[in-house]
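A, B, C, D and E are the chain letters, set down in written order, and residue numbers restart from 1 in every chain.
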């Protein structure tokens, strides 16, 4: 499914033959957003022929399960995003207009909690960001794409008519969606604490484990996205304007906050598990103490009754008038002595 | 609630119409402090129109729950604070006076212990620091704002009439407030140690866990504040003078000390929990040993009484004159043998 | 076993006398791939005399058990790959043609799961990468070498006739093979979780330990391979063309993904073991509780029967008509009292 | 208490009026050491007026509980020690002679073991290091100050008459004092190992914990001191001569060695605690096994005696001639069967 | 003990008066190796006067217990090895020939396993490496020194007649000796695994602990040696030729491999201990289960026999003809009921 929107001097239109895109890209004061859901072979050909994207970027965009990343392509050639490229050998084989060929290929992940599966669901969204176009490629129906598209077309939209504002607005929506997830984790951690320190609950350990799994899978998305924004903030390609930096920095700050939350909650969960184990071991200890004392007292009492249950013919006590009472008081005396002894040892 | 104080050549006044601020900002030898508590829409308009702050900074200042950070704005454009901005493309669209537009937006956190909730309370304070103004925005009533304001207006105040001294004095007050919290943690850790090594206390584990939570939440404030001061120390904007560096370095040193304390106490708490668990397991071990020995001795004695309680007709011992004594001495002999055996195995 | 393939202007041939290789290396538009399996002394002489490789590189290539690495040789001299070489002292003693002497020596590892041994098997592959040649040296029969060779010779192969495409294609095949291993680990972790939270299984701990061993041995391969690709991406030798960077970056991204997966699974396994231990300790706790309660109830009941089994002559109860019932109801009453007591303490 | 020593061309004198210090500082071939113990207000005035130190540095020097640090002051302005100061704006307001105003303010810690308190005692020493003077400020009586002072004044002292040699000699003495502490920790760890693997000792856990506390408090001193020496080695102020670097490097190497020792011992202590817990759990295991077997055998034997203690009228065995022996052999048989069973299960 | 070998144009001689060394050092095409075992005062004077080494380096070389390190001396002044020395102030006081005064002082450690003490033994070796000399200083008899000396003097030795080849050959021999140690650790870890998962062994925990101690002491040697090679690879002194880099890089790679092995084995040992504890806790769990069930069944049976052992006059069952059988079948029924109950709870 393909949605193509052209904004020319503030006027929006959707009527453009696909083969006219390549011409439109050169027009000044024009911003083009092409959204492709579940790309068909036809869509892929469009990306290759009209936009001239690198085959690898197109392959990544249509294949699932890439990790969040940003690749900077310039002159049809990937710039190594990990460090400045020092060699400036003349690249004579490329003569395409620079405005068209300098673009970022970005992969970010939408994340939302699916109550049905009690699990965090993530879905990749691929962005091609050029000087005056934005191409989004994804499989499912992404709420943020729809929302940003309609917010963009509202009259007097704060998004302006630059690609930078569009990208910021989109990334901001994606990252802001991580916070409800964090809040949910915070709530669960709060619940777990109550559970742990109040009453016993076998589910608690399973919850700690599944929360940890969720946090680890969030971290695998968020950590590389932080790097993505770091690269964009360096502005090595002439795509974002200086004024966009404040907005990208804002998204960056939010991602850093999410990362810190994840690390703090991981720490807290480990502490919670440790505390839980301590409390359990302590509980066990208490019960074993009571067992020791009660069973030893009962055994001592049983020994007395066993003693007077022996069939020796010559046991003078057996003939005492108050034999039962004598035995009972003997039991009581031994019990009292043991209780005092255990109290002295600090076991009661 | 708005407090506006102007210091012109050492004289303080509070009389200035809000719309005159923008003119005052250009006056030499003038320092302006505007404090806004619980900002109204009117206040926000003032920040936007008179000071010309970036919309994002204003949004962050009026929204709660940002993490400590510093953003450096120059020529109405955010400088990327994570690395030097190499590109020096002429930014012709901005022609505002530089003195007005170069400013830091800083978020720091006040932290204090709330005995009522037995919990560390934190509250963000937002600062806009320009060459000759300081704007503080916050929700609640911040003691440090009040104190610094009144100390500033005292005759012969050491704060001087520069923004650098004001900011240093304010940050110093905020950071110095972390030390009583650290002292409290130190006291609690000391107490916990005594508890752990002296007598049993189920509360101890809960205390360790809640202390750890407090330390983790402190770390989430203090670690980014260290980065804030690092950025200020680089003095990339012409706001702080060389002479201010010594003072900012002092605040930086204090924050580093707090950070190290937090890490050390986290380590100590983990060690304390480990030690506690070891002691508990050892305690359990001791009790189980006593149980083993006592119960086995009692069982052996019971077996003897049970033996002579059997109803066989032909047991010659039953007819002995001293049957009871015989059984008693048998029990004593078995008990002694077992005690010797257990001592030999090192269990007693 | 030696396989030599020459691609000249898109035409492939296998007929070349070994001593002609050195001449062929200077020919333009030629790509040579020499594959050596289980190198003989003859092969080693070929590498030394025709290609002029450094003795150390040849020694490493024929010796097993090197770790993944890349060494950049230029002018018969190793460039220090850890940092830029600043000294540019004229190296007059070397006058060989630069195209021939600038080459990378690369060691990577193939990894596959061997179901027979239930273990990850790894095998080193050594690559010499020059501007127009690729030499692969290995011991066993490496599937990826065979595959890449035949894919290269297919008509209209996307590999092109450059060394960069060959190397990328080969490394991509090697790294893509790590993903099935990761999937297998993911499946095993999933299985383990079910085992842990459902029923007891002594094998589970052994599985966790052996999975961890596999992950650690994978990490020892993958982590230095990431560094290898980092060095290649810096393109300090004039071997890869700018257009190759996108492809190498792609391999790099995949390796990073594998590394992150390994770390996440290591974390998860630790969490799984912790959770398992918690559940076990909890289980034990439950059983000890039941033991406490049941044994104490039985002991109390036994005490009652022991009491009425004493042989005192004067126990009026013994003459009661319903003696047995009396004892039974006494036992029932004590049992009920104890059950109520334990319920009150929350132990049932 | 104030000690002032002036070394002029190798001659030492102690006679100098305090107000003459500022003049002396400009004299060539002169080295001045001023030692202040428990600084009075008079001493503080001296530091401010004669030496012209920065108020913050003086405040830090007279206040306790700063962490080890170095601050480099130049032209009455603090140089940011964390990175090179790029801005070289003319600082016209300062016209003092550079030799006087460029100085380091250093805080290091003396550490020694106090057997009375069984605890590591630390005490800060503050140094002001200028081109031809050294000022030491401390509270207690510091052995290293006295020693270095007298060694300096010995004829043919290797300390030379430069400040660099004095500072090196002093720091070397301070750092060399850490090694006996490390040796003591090594001895204690060795002892603990023996305790742990030989016989049980409740004190061991407490010792591990208190050793860990000592190590953590040592780390809080040593880690920042390493940074201090790193800054001095960069020689950004014209105070140390190139020839001094070898000596400072030597002190640096010693500090690194102490740091590594601390980390290794922390690791070893954790391992020791883990091993101890393992051994304890294993011990418990053994005892529980013996309990299981012994109690079950005794219970089975008791059941037999109980059986023949029943009062049924019609039990033919009761009339057998050798009833007691029959019961005894029955008990022996059951015991033997159980022992064989438990041996088969590997529990004995 | 002193061994002096001079190689001049490939000819070796041992005849040189000590006081002639300083002249020989200036001769071209000469390589001198001086080996000093257990240095005497005479040897120390030789190092100071003939070679002109820095007093600190000589002190370090003759004192034991330095950690592995490299110091670069140039113009009688130590270059700070941690970063490039930017200041190039003319050092007029030094006029010695540069070839003589630029040298590395290196400390490395030989490590070998001593079966007698069941412990890793380490011994420091000190190297002074100049442009045309190598001085080795050590206490004991070092096999690698002897070996390298004799290999050097063999006809057609691959060591060439450069200092670089000598140093590489020597360091290579030292580092290659670490691998047998690693193999021994690998064997021990393999053994431990079998022990842990097969049968119980109290020694296992002690072995894990002592292996960990060995690994930690190895790490304290190997980690700084990696830094040593890093410094040598930077080639800041004109001692090693570009062609030597490949060989030093080779030694570096081996050290990195050893470091990684150490880390992996440390991880594995921790995992092994965790697994062991899990298995033990599980074992305990199983035994406790059997105890619970068996003791409760026996107690229930005892209660029945106790019941019929009561002396009530009016218990009709006692008069039944088959009283014993009745009691036996009652016991069997209760036992069966309990077994079924425990099976249902999953405890059997």
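Quick note on the criterion: contacts are C-beta pairs under 8 Å (C-beta built on N, C-alpha and C of every residue); 3 or more make two chains touch, one makes a residue touch a chain.
What you are looking at is a predicted structure, and each value in this text was computed from that prediction instead of being measured.
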Chain labels contacting chain B and also chain D: none
Cα superposition of chain A on its sequence copy chain B - rotation in ° rounded to nearest 5: 70
Distance between the centres, which are taken as Cα means, of chain E and chain D, whole angstrom: 24
Chain A and chain D: spacing of chain centres that average the CA atoms, whole Å: 39
Contacts with 2+ other chains: residues of chain D: 277, 281, 284, 288, 291, 295, 299, 302, 306, 309-311, 315, 317
Chain order around the ring, beginning at chain B and proceeding next to chain D: B, D, E, C, A
Residues of chain D that touch chain B when the two form their complex: 54, 56-57, 60, 66-67, 69, 71, 73, 76-83, 87, 89, 91, 199-200, 202, 205-206, 208-209, 212-213, 216-217, 219-220, 273, 276-277, 280-281, 283-284, 287-288, 290-291, 294-295, 298-299, 301-302, 305-306, 308-311, 315, 317-324, 326-328
Touching residues (chain side chain C, partner chain A) in the complex: 193, 197, 230, 233-235, 242-243, 245-247, 249-250, 253, 256-257, 260, 264, 267-268, 271-272, 274-275, 277-279, 281-282, 284-285, 288-289, 291-292, 295-296, 299-300, 302-303, 306-307, 309-315, 317, 346-347
